[in-house]
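Next up: the structures, one after another.
Across the two complexes that follow, chain A remains constant while its partner is chain B and subsequently chain C.
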Partner chain A sequence: MGSIFSQISAVVAMNIRSLGQRFWMSLAMVIASAVVVAILLAFLAMAQGFSKTLESAGADDIAIFTREGSAAELNSVISRDQVNILETAPGVVKDENGPVVSPELYVIVDGIKKSSQTEANIPLRGLDDRGFAMRKNVQITEGRMFTPGTNEMIVGAGILREFDGFALGQEVKFGKVIWKVVGVFTTGGNVFESELWADVKVLQSLYNRGSSYQTARVQMSSANDLEAIRAFVEGDPRLNLDVETESAYFKAQGKSLSYMAYFGWVISSIMALGALAGALNTMYTSVAERAKEIATLRAIGFSSLSAFVGTIVEALVLAAIGGALGSIVAFLLFDGLNASTLGGSFTQVVFAFELTSDLFIQGGIIALFIGFFAGFFPAFRAARLPVIVAFRNAA
Partner chain B sequence: MTTDILFDLKGVKKSFTRGKETIKIFDGLDMQIKQGDFLAIMGPSGSGKTTLLNMLGGVDQPSSGEVWFDGARIDSLSEGQLSKWRANNIGFIFQFYNLMPMLNAARNVELPLLLTNLSAKQRKQSVETALQLVELADRAAHLPKELSGGQQQRVAIARAIVSDPKLLLCDEPTGDLDRHTADEILEMLQLLNEKFGKTIVMVTHDPSAASYAKRTLHLDKGEFVEKDLAA
Partner chain C sequence: MTKLLNILALVAKYGGLLVTLPIWLPFWIIWFIFEKTGINRLIANFMIATGLYLTFKNLFRKPLRLGLTCFAIMIAFLIFSVVTTLKTALNAGVELSADNRLVVVNSINFTQPLPYAYVNKVKAIEGVKDVVHMNWFGGYFQEPSQQIVTMAVDPENYLKVYEEVVIDDEARARWFGNRRGMLIGRALATAFGWKVGDLIPMSSNIFSNREGGHVWEMEVSGIFDGRDEQFGTNFAVFHYKYFMETQTFGGDWVGWLTLTTADPALNEKVAKAIDEEFSNSQAQTDTSTEKAFNKAFIEQIGNIGLMIFGIVFTAFFTILLVVGNTMILAIRERTGEIATLKTLGFSARSIFGMILTESMLLAFIGGFAGLGLAYVMVEGAKTFLAQFLPGLVLSDAVAMQAIGFMVLLGLVTGLVPALNAYRLNIVTAFSRR
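And now, the complex of A and B:
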């Protein structure tokens, strides 16, 4: 029975070589599969890019404090007194200027999106040198840092890319206040690049916040210090605050677009059903056109299994070609594509679509799914084709 | 049971149902074919020639009755068993050649050998021998569409004999060929019968094709009328 393999491989080779004779039908199936895969990958790349933009912003060894139950920076309030107490918490790193703590403000301003020319919310963050230095990979790429005590601001690279009116040297008016853009900063592509930064003291006075802040970040010597800090917060009734690592905070925010991935699967599964209908048509046509060849091989003594496998493999090959094509198209169109959407604080997050190898694997799975089901039923027909078809008197 | 009877048909009935209608093709047919025979089956169109050939080749089954081949019943074999039986015992030659259009002559001839345990080298040798026998060794690399009708039928004959089956079943093998080419094909069948001892059953409606056979049976309304070659 060493021959079953040579039978099947011979039939598979014949089917593949004769694809050219069914070029348009085969192409239709390839394209249907390609479209489904490309659309799935677009959604997955979007969800992936968004969550990575947020998740990569967070550090494990920075603790972020927010008012109890506030969930996001925007809704939080922290007083100067509370910040003073926090500075004495165990595990807070100290340097020559004292504890490494960054109390920050986070307000919302309007910007005009380049893509749609519509208004959208942008966060304006107030911080100081300490807070600036706490961001991983932070770098001024153009201009300079703002001067404390002035109406100067620096603009994240993502904002510069996606919004009008924030070019270096430009003056920007929020309410009655005129700001000047003196620098552009990057943070390696993460969510902080979707922000404007200015001096926290200036913001406090312009936005009538007195001496209060919204959040505080503290540098821990390691992530292990979080438990001690949490115990410290819970032990002091004046500190009605939540604390978590910055990475945990952003991870939770990054989940807000994970529904995009599910949505992508739902949309592309529905489309896959449509593609399947077309692909079934392709494969039934293939079996019909090969009927005489299949029957002739069966008359010679080839098994019905070889007819079955030959048909299934043909379908899988067509769907896989489509999947590869769809992946290439998705990569060319979507990988690195810039977009902005609402993040956790009702502000725009600028992010780039990102395609990774495990997303391509998911695309491959849906393509093979289409191929398998498009091949299965026609393969049954091929296997059960009566051999007398070989003798039908038609050329 | 030592006998030179290759085929023995006993009380074979065959009918087709088409919608509500039942068409009786054979109603108790008896027939014997000897080893080494070259039998031509003639008869008007629709008389059941192809149906009979299909039952002999195990690609169609009688509604009732028995088909014995070489001392064993084949009418009750399963599909899978019949595939193997065909691979081991039968070479088919079709009116329209039924070559695989995407395979060259040598690859077409090789097909039945893929069902054996022969090595690639042994297969190549057998293919060469078969192509030499039909005088097409120089066309081994040609695709069917690059060959004339007569050449294609010779490739088909090479395919039918390459695994050295006892029996060749031919359905109108010259039905699509001109007189001269048809004669070449028929001479080749005659050679295979006389020199190589192949038993041949050939369906044809052409009396001059039938004249190459050792005997001719006339099928009419599901019954045989045997006639002498001279008659």
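And now, the complex of A and C:
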């Protein structure tokens, strides 16, 4: 058995070292596999970055109420009366100022996107101190919080990155109303950073909403309280509301770009087939060119298994080099890339592409898949090559 | 050990045939048909007569390589055609927008409403032909996830402004006369199996009905088609009056206005006149051409769209590069043969032509296979995707672009080896061996 392994390693080493002689063909295979991997990673990183941005926004111990069937904050309507009833629900945390409930408004305004200089939808959220404090990791990085009752607003860091005209101290005009940017906030990179925040009472009057709201967030003592709250809502006919944890809500919203991951897999699988065809060409040529070598080895006593393994390893090495190259290119080009697109609530979500280690593994799998199949069939040709024919053909 | 290898070899042989089935089967079927019908011999005679015989012999000398190369080219053109078609469908709103149509929205954002009184004020402005007001209904059927683009409109003016909505006079009269009537697009009718006269409970994810709940009962008055194949028919329109009288918010307001001008040359003047008219009102307006409005909307999807197409086109060109490299190397292998042909008296020019023809043929076989497959896929996905991405058509423009790239591929990959062969010196070629 030992001799088989030494035979195999000798043939593998020989094949690898002679790659330079077949440079152009080998390069074709490396590039083909690199492109497939880079493209797969680009799509996966996009989907991953988007869903992370939304998913990380939700908390398990916050319940969010929307009008039943409305599916997104933008569409929902909740009356003041309904909010009053909600405050009496079981499981709602109370502090010295009463129940911790944040009724909010969510309207859309125009902003100028830096990348295209065109108008795009930005959410202007109306909330109060309670709503502000309810967000995880929220922090004012510059300026200060808006003063309730005034036309002041604070802007998310994501908006600053992707849109013009919202710098600290600047005045912004929406319709006839002039707003003043008094602060910049971060929430640890999640979707709330793609929003503008202002006082909910001011928004109600400026946007003719009377005393109505769109959504309400409720602080629960723990995620287990959700069932009690849901039973409470279902038991009261005045509450035609849907309730779920904030994390479940944003998880569903984050799915809206998951088709990108599917699209990426479909496109790169089809491309992998094309790359496989190219790689098979490379490997068949490689075997044909080395027919004489292989026959010589066989004639002096090397087993056909060593010829088989030698060829398959050559293909795997080429594909792996390509995969590594593709991963590096994808990482350099796409990791951390800022982008913004329309999210489920019809507004811009600012997010960054994110390449994580599990994505690289997926890229590696597709590269090795190409390498294995590209090597497998030519390897059999190498192993089964009749020695005499090889000498005759190669002469 | 050898026994195991023998069994594996058997598996590999048939497994390999099976795995590569999609690659060789189409070519084999064509070949089989040719063989049986005698077209084969006809082609062979034709080739001999035209001097293309050697080209064909060269092309088919290594069937496996031919198959693999054609397959790679096919994949490249398949991806190109499908993705370009997707892109065209996304941009259809921009391409199909009428020259003389303007959109008036609230200057805060198009999701903010306008007072109803604006309709008549806009209509009175000089140069305005017809005006229709529309409201977004946020419609869905049964499940909130089954969203349906539904708008409440002023029926008569809607059909005046949107001339591409094609409907017969009978359905038109039926819709105008039925307060609960709704017009639905062909794609919508197909997707849900709705017929004229069906009563449909339409839900809204925004509005509530005064009678309780969020459901409005509507009757299908007619099914409209698009004047253009690319016009998406995946939406429904119904009476504004019915909507306003039954929803709980009340008030007289409209979502946005769409109007036609008497002449596209007046667009700018009319847009300015409208925005000036309301500049001191509570709700200011922002008027733009339909084309600009649709374009801005697509821009909202943003650089993502741009990136996808950028990525895919890079892929397309890389595949061509890789395949081209293979093709060039395949011809380089034949240096000795070319020298022999030259020795036998073939002119440099005819050899040049032979090699260029070969690479062109290769590009066309693979390219047209990809284009054809893309056509089949787009046609197959058309009805399935009509709900989400209407107007999916593999247009002539896309096909022409693809053919252009095939010619380019054939030229680029054929020109270098053909020139080398043209210049090849017999003596050096033979001494090199």
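Just so we're on the same page, the second predicted complex is superposed on the first by the 386 of 395 C-alpha atoms of A that agree within 3 Å, B and C clash if a C-alpha of one lies under 4 Å from a C-alpha of the other, contacts with A are read in each partner's own complex, and residues count from 1 in each chain.
Rule of thumb we're sticking to: a contact is a pair of C-beta atoms (placed from the backbone, for glycine too) under 8 Å apart; a residue touches a chain by one contact, two chains touch by 3 or more.
A quick note: this is a predicted structure, and the numbers were derived from the prediction, not measured.
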| item | value |
| --- | --- |
| Partner chain(s) touched by A:L342 [first = chain B, second = chain C, both, neither] | second |
| Partner chain in contact with A:L273 - chain B first, chain C second, else both or neither | second |
| Chain B versus chain C as contact partner of A:M14, first or second or both or neither | first |
| Which superposed partner A:M25 touches (first chain B, second chain C, both, neither) | second |
| Of chain C and chain B, partner touching more chain A residues | C |
| Touched partner set for A:N281, first chain B, second chain C, both or neither | second |
| Which superposed partner A:W179 touches (first chain B, second chain C, both, neither) | neither |
| First (chain B), second (chain C), both or neither touched by A:F166 | neither |
| Shared contact residues on chain A - chain B and chain C | 303-304 |
| Sites on chain A touched by chain C in the complex | 4, 24-25, 27-29, 31-32, 35, 39, 42-43, 46, 67-72, 74-75, 77, 107-110, 113, 115-116, 118-121, 174-176, 207, 260, 263, 267, 270-271, 273-275, 277-278, 280-282, 284-285, 303-305, 308, 339-342, 346, 348, 373, 376-377, 380, 383-384 |
| Residue numbers on chain B that touch chain A, as the complex places them | 50, 53-54, 57, 59-60, 79-80, 83-84, 86-88, 90, 92, 94-96, 98, 100-103, 111-112, 114-117, 159, 171-172, 176 |
| List of chain A residues in touch with chain B within their complex | 2-3, 6-7, 10, 14, 17-18, 21, 292-293, 296-304, 386-388, 390-391, 393-395 |
| Footprint of chain A on chain C - complex, ascending | 1-2, 5, 8-9, 12-13, 16, 19, 22-23, 64-65, 68-69, 71-72, 74-76, 78-79, 83, 106-109, 111-112, 138, 140, 144-145, 203, 205-206, 208, 214, 282-284, 295-296, 299-304, 307-308, 311-312, 314-315, 318-319, 321-323, 325-326, 329 |
